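Common to both upcoming complexes is chain A, partnered first by chain B, then by chain C.
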Partner chain A sequence: MQRKRTLAQQDMLVGFALILPSFLIILGISLQPILSTLYLSLFEVPRGINLQNTFVGLGNYISLLSEPIFWATIGRTFYFTVISVGIELVLGLAIAQLIHAHPPGWQFLRTSLIIPWAVPTIVNGTMWRWIYNADYGALNGLLFQLGLIDKYIPWLTRPDMAMNLVILADIWHSVPFIALILQAALATLPPDLEEAASVDGATAIQYFWFIRLPLLRPAILVALIIRTVEAFRAFDLIYVITNGGPANGTVTISFLTYLEMFSFGHAGRGSALSFLISLFTLTLAFIYIRMLYRPEEKQ
Partner chain B sequence: MKKTLRIILLSFLVLLALLFVYVPVAWLVISSISSRSELLSTPIHWIPQHPTFQNYINILFPSQGTSEVAKTFRITLWNSLMVATSVTVIALVFGSIAAYALIRLRFPFRQTLLISILGTRMIPEISLVIPIYLFATRFGLFNSPIILIITYLSFALPFAIWLMAAFFESIPVELEDAARIDGCNRLETLWRIILPISTPGLVSTGLFVFLTAWDEFFFALILTSTVSAKTVPVAIAEFTGRYVVDVGGMMTGGVLAAIPPVLLSLIFQRYIVSGLTAGAVKG
Partner chain C sequence: MKAIRSMLFVLIALVMLVSVVGCQPKQPTGPATIRVLTMEQAGPTVDEMNSIVAEFNKANPDIKVEIEYVAYDALHDKITTAMASNPPAYDVFLGDDIWYAEFAKSGYALDVTDRISKDMHDKIFPAAWDITTVSSKVYGMPWLLDEKYFFYNEELLKQAGFDAPPSTWEELLAQSKVLKDQGVVEYPMVWSWGQYEAAICDWVILLYGNGGSLVDDKGAPAFNSPVGIKTLSWMVQTIDDGYTNPASISYVEEDVRNVFSQGNAAFAVNWTYMYDLVNFNDKESKVTGKIKMALMPGFEGSGAQSASINGSMGFSVAATSPNPDAAWKYIEFLTSESIQNQYSAHLLPMWGTSYDGENLTKLEAYTPANAVTVPMFNEQFPFAHVRPKVAYYPEASKALQLALQEALTKQKTPEQALNDAAAKWVDLAK
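On to the complex of A and B.
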């Protein structure tokens, strides 16, 4: 009895000691800054260094929510998120299934998928921007030589086109991520399942919809949430490929926040915007963590 | 017959997927070894007639009169390496001991702590940047690699804790109990038993942290202003912003920036897939 208590005490002491460094770091570089940002979002912050901030309460939030620019930006952000994540999920699932069918070259394909995933986002963006280049780009060159267009098109000068081309670059980067996660999940399914289903008279499509897809559900949900959070706050690709243009056509919420903070000098409004992004992503993160830690709750 | 047809169809799809992966990369590499005149020619020279490695030589082997682009890339590649390596080491040391405590030791608020640490991983960079920027300017850390290392821990540390926690959960407790019976205390067990068998977890976590730090752009964009601290993504983005200056040089910088993460991922691909599975598909 005596010994047990000392062990528990020892555990507690060692436990807190081991966690303390990480706890302090996270406190200093995540919690303190995000609380400061929240605080700052309640003020109007003038551009000069030594000027006084004016308390405006929820003023920044109210003025943002009443501006058409904000809603247009939200619309573009949702368009970007839904289209890119949607296509990535469908293609990722398709490629995962393709790999799982073990056709000739499947191992090479699986290895190759790591490349787009590992290429740094900025390199990815630069590469696509060069491909989309109006005068010398590979996209124009290819389409022209195939006879699909009769003159070079300045792709990135049309707002809707520019948005879709940024999405394409995002798809190239992220389809492999989803495909790799889902093929790993597929590989853990019992191998005789499909046989059993076909003995019971299930068609391939029935098997896919009623057996495989439900079993993949946890993996799909996790991939979906990670990608949704990332796409919702996409910044890097937009910065390199279009820099928000043309005519604000690719300004999503992170980019607008960046502009408010660092171009327009509205630190208060920028903070309010960034807090709205945090709120959205933390909600998704909460759902995500609930899902991940469900097994542990049973203990 | 039907089976042959199926194999042909599937092989065709594999080919399509491979083209999707490799065509853009191929164009990146080809552009990096094409001369300026070939890059700016119409119709496009898909295969360069006079491939040249001059861009690579300029960046990797400094000499008199190399361009500004080459110089910038050489320095920023080095900065990126320093920052990403430091972040990885710090995150691994503090992250793994914290993860071990959170998974193995019983103490109050354990679960709450674990979940809140995971939550901080999801805080977007843009919500942290203004206070960090103000802190950096006040303490003379603006435009220094140190502020980048500190700042990157905001995502690297929770990430490391998260992945290592998933890894420690998979190690059987019995191993430690055995060590306990042999008279080891917690710290000795951690040092002598857990650490040696944790190599796969540490490798995979280190890899993910390194890749994320190498990839990071936003903090570096805001917190650095000259080549003394700029990382390679910032350098690349800057050159992209200017019109067609030196496309070949830029593409070469891109290839060189992509080589470390791509090579590491390919060498350790087993760990990547298991890391994605442990971290992401858990539960």
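On to the complex of A and C.
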């Protein structure tokens, strides 16, 4: 007996068949690792060949959350994220508007803007480590020749200063990304809005604040999601420029995870940390996406 | 409908095929390939390592050697990560003596006790065998027999009116004061006190040179003793007084070499390799021919005439390597007496016989650097101290690095910082 399928059922089947490949890929490269990390985080995993894992339940999470180093690390991670993404957004928006105003040579500006962003982070980190070198780095050389300092400054030897300098390196690397996204968004705004606003007597500031910024909101949110998640997981710059020093002053959550997982061989604790990072970034993405889609809901 | 079903079928078949192919372990076919993980820092240069491979291939054309170089500070983590896969990403790796307790416990390094001939055993220094031996089992061939040395810039010292290097750290401070006051050099000393293993090495030199030690006879932490606190306070004070380059807090050995090579420091502590590069490489050094070595100073009244750090390393076969015999063949060749004698500019042999009679004369004549580094090695090595051989060393070391850095950056007093690190060591030993 031949079963009959309705048209809707057939459509659904085709739909499933079509999403199957991407579903398998997502399963393989994203869901499976997250789930196995979660699984591993419930065990104490000894380092070695043919060793048995011991189930510890939430033991890894409890011990991590009770350690002051964890909370100090979380604090530094938030500081890094908020300061770097905040400055990047303001600078990125300013540069995007500058390019959008099409000053002479704006195309050159736009192209050269890509360079810092195109440099791999590890190369970027190595470059800044050299720039910050106290004895033969470019930063001291430049400031000294400009007469701004009369003595070389030992950068990277105070925890707070080292953190801010790593943030500076991150800003240099990531501002172009935000600027390019926002510049592309600006280019799609209808030009007649500006004319209409000026006819209605709006000042430049009013136009920017009440018309341009709200229209840019989706693009800003996209840039923010990507950059916040990236900054929260920052590792390579820190690894190369300071190795977490001085005095753990630049140890962020990803660096701590790396130490636990790879240097100390605590795969269980490392997995717990990784899972906490995933959880946090997922929450963050969720909040951003809710914010992003709110205007459509109102309509 | 049929179309969809067959489409699904093809798709599933494809996915299965891909996963089966992907999981197939690589079968060794034809010539064996040995993948080697080592470092590009102290020791032979990449060119030297490549020409050793070329010589090896003359006798063993069927073994292909691929060498990968990383920085010392990435080496440990790369080894332990590579060993998590099967077959491992490397067949041969370079291990530091502080990791062998961990490698023995984890089973990462192949037990090669039975592959060591009596000849090898008798001719190689017992101190070298200590590197790769854990509980009387041998886990690799000793290779980089190294320690830190005391270097000074003779020209700068002469400018300040000194004919001889300091023999105690107190004397060094007195000379530093004159060097600084006369404006010969702004910061007379440069150290590798960054948050890396390098800081532990420098600390061991000063601590043992002051009559202290890292651990007591029972293996419990002893570095927070009054001597330990005094030594760390001394380090902080030299920065405050402007005798130590303040950037030392962020430096590793290569930074020390760069600063010293520019003539921006009168005194430095570094591994053997610096002597050749700083004196004979005018591309990288402005002070060629002006750098001398002396016995590492000790502190007055400490009872320690001198102290250094034993920073030796060894080559091991990965326990799960599919080609252990070919891997061992390469290691044997690389660490053989003749190769070690031939490539001794940046690495001194660990073969006792290399230092006997005619061999010693030859060894000293191999390179201009050897004429100085070989006798210096004999003089300094009896004072070299090893770090504790414990499986949790990387974590213990990080805790001590943090303590040194907290004191140097004045986040904590030396006493508080060292006590905290000692408590962590006690915790780890449980």
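Just so it is clear, the second predicted complex is superposed on the first by the 251 of 299 C-alpha atoms of A that agree within 3 Å, B and C clash if a C-alpha of one lies under 4 Å from a C-alpha of the other, contacts with A are read in each partner's own complex, and residues count from 1 in each chain.
Following the convention adopted for this analysis, contacts are C-beta pairs under 8 Å (C-beta built on N, C-alpha and C of every residue); 3 or more make two chains touch, one makes a residue touch a chain.
From a predicted model like this one, the values you see are computed outputs, not experimental measurements.
Q: Is A:Ser263 touching the first partner chain B, the second partner chain C, both, or neither of them?
A: A:Ser263 contacts chain C only, not chain B.
Q: Check the residue A:Tyr136 against both partner chains and state whether it touches chain B (first), chain C (second), both, or neither.
A: In the superposition, A:Tyr136 touches chain B and chain C alike.
Q: Does the superposition put A:Thr37 against chain B (first), chain C (second), both, or neither?
A: Only chain B; A:Thr37 stays clear of chain C.
Q: Touch test for A:Thr281: chain B only (first), chain C only (second), both, or neither?
A: Once the two structures are laid over each other on A, A:Thr281 reaches chain B alone.
Q: Chain B or chain C: which reaches more residues on chain A?
A: Chain A has more residues touched by B than by the other partner.
Q: In the overlaid three-chain picture, which partner chain does A:Ala72 touch, first (chain B) or second (chain C), both, or neither?
A: neither
Q: Once the shared chain is lined up, is A:Asn243 touching chain B (first), chain C (second), both, or neither of them?
A: After superposition on chain A, A:Asn243 lies in contact with both partners, chain B and chain C.
Q: Figure out whether A:Arg47 sits in contact with chain B (first) or chain C (second), or with both, or with neither.
A: second
Q: Tell me which partner A:Val14 touches in the superposition: chain B (first), chain C (second), both or neither.
A: Touch partners of A:Val14: chain B and chain C.
Q: Per the contact definition in the header, classify A:Thr157: touching chain B only (first), chain C only (second), both, or neither.
A: In the superposition, A:Thr157 touches chain C alone.
Q: Per the definitions at the top, what is the overlap between the chain A residues touching chain B and those touching chain C?
A: After superposing on chain A, chain A residues 10, 14, 21, 133, 135-136, 243, 258, 262 contact both chain B and chain C.
Q: Sort out for me which residues of chain A touch chain C in the complex.
A: So the residues of chain A in touch with chain C come to 5, 10, 13-14, 17, 20-21, 24, 46-51, 133-136, 154-159, 162, 242-249, 258-259, 262-265.
Q: Using the touch rule from the top, collect the residues of chain B that touch chain A in their complex.
A: Touching chain A from chain B are residues 7, 10-11, 13-15, 17-18, 20-22, 24-25, 27-28, 31, 39-44, 94-95, 97-98, 100-102, 105-108, 110-111, 113, 115, 117-124, 126-132, 150-151, 153-154, 157-158, 161, 185-187, 211, 214-215, 217-218, 221-222, 232-233, 236-237, 240-241, 244, 247, 250-251, 254-255, 257-258, 261-262, 264-266, 269, 272-274, 276-277, 280-283.
Q: Would you tell me which residues of chain A are touching chain B in their complex?
A: Touching chain B from chain A are residues 8, 10-12, 14-16, 18-19, 21-23, 25-26, 29-34, 36-37, 40, 95, 98, 101, 103-106, 108-109, 111-123, 125-131, 133, 135-136, 138, 141-142, 144-145, 172, 175-177, 180-181, 184-185, 218-219, 222-223, 226, 229, 233, 235-236, 239-240, 243, 254, 257-258, 261-262, 267, 270-271, 274-275, 277-278, 281-282, 284-286, 288-289, 291-296.
Q: With touch defined as at the start, can you tell me which chain C residues reach chain A in the complex?
A: 1, 4, 7-8, 11, 15, 73, 76-77, 80-81, 83, 102, 105-108, 194-196, 245-247, 249-250, 255, 258-259, 262, 264, 319-320, 392, 394-395, 398, 401-402, 405-406, 408-409, 411
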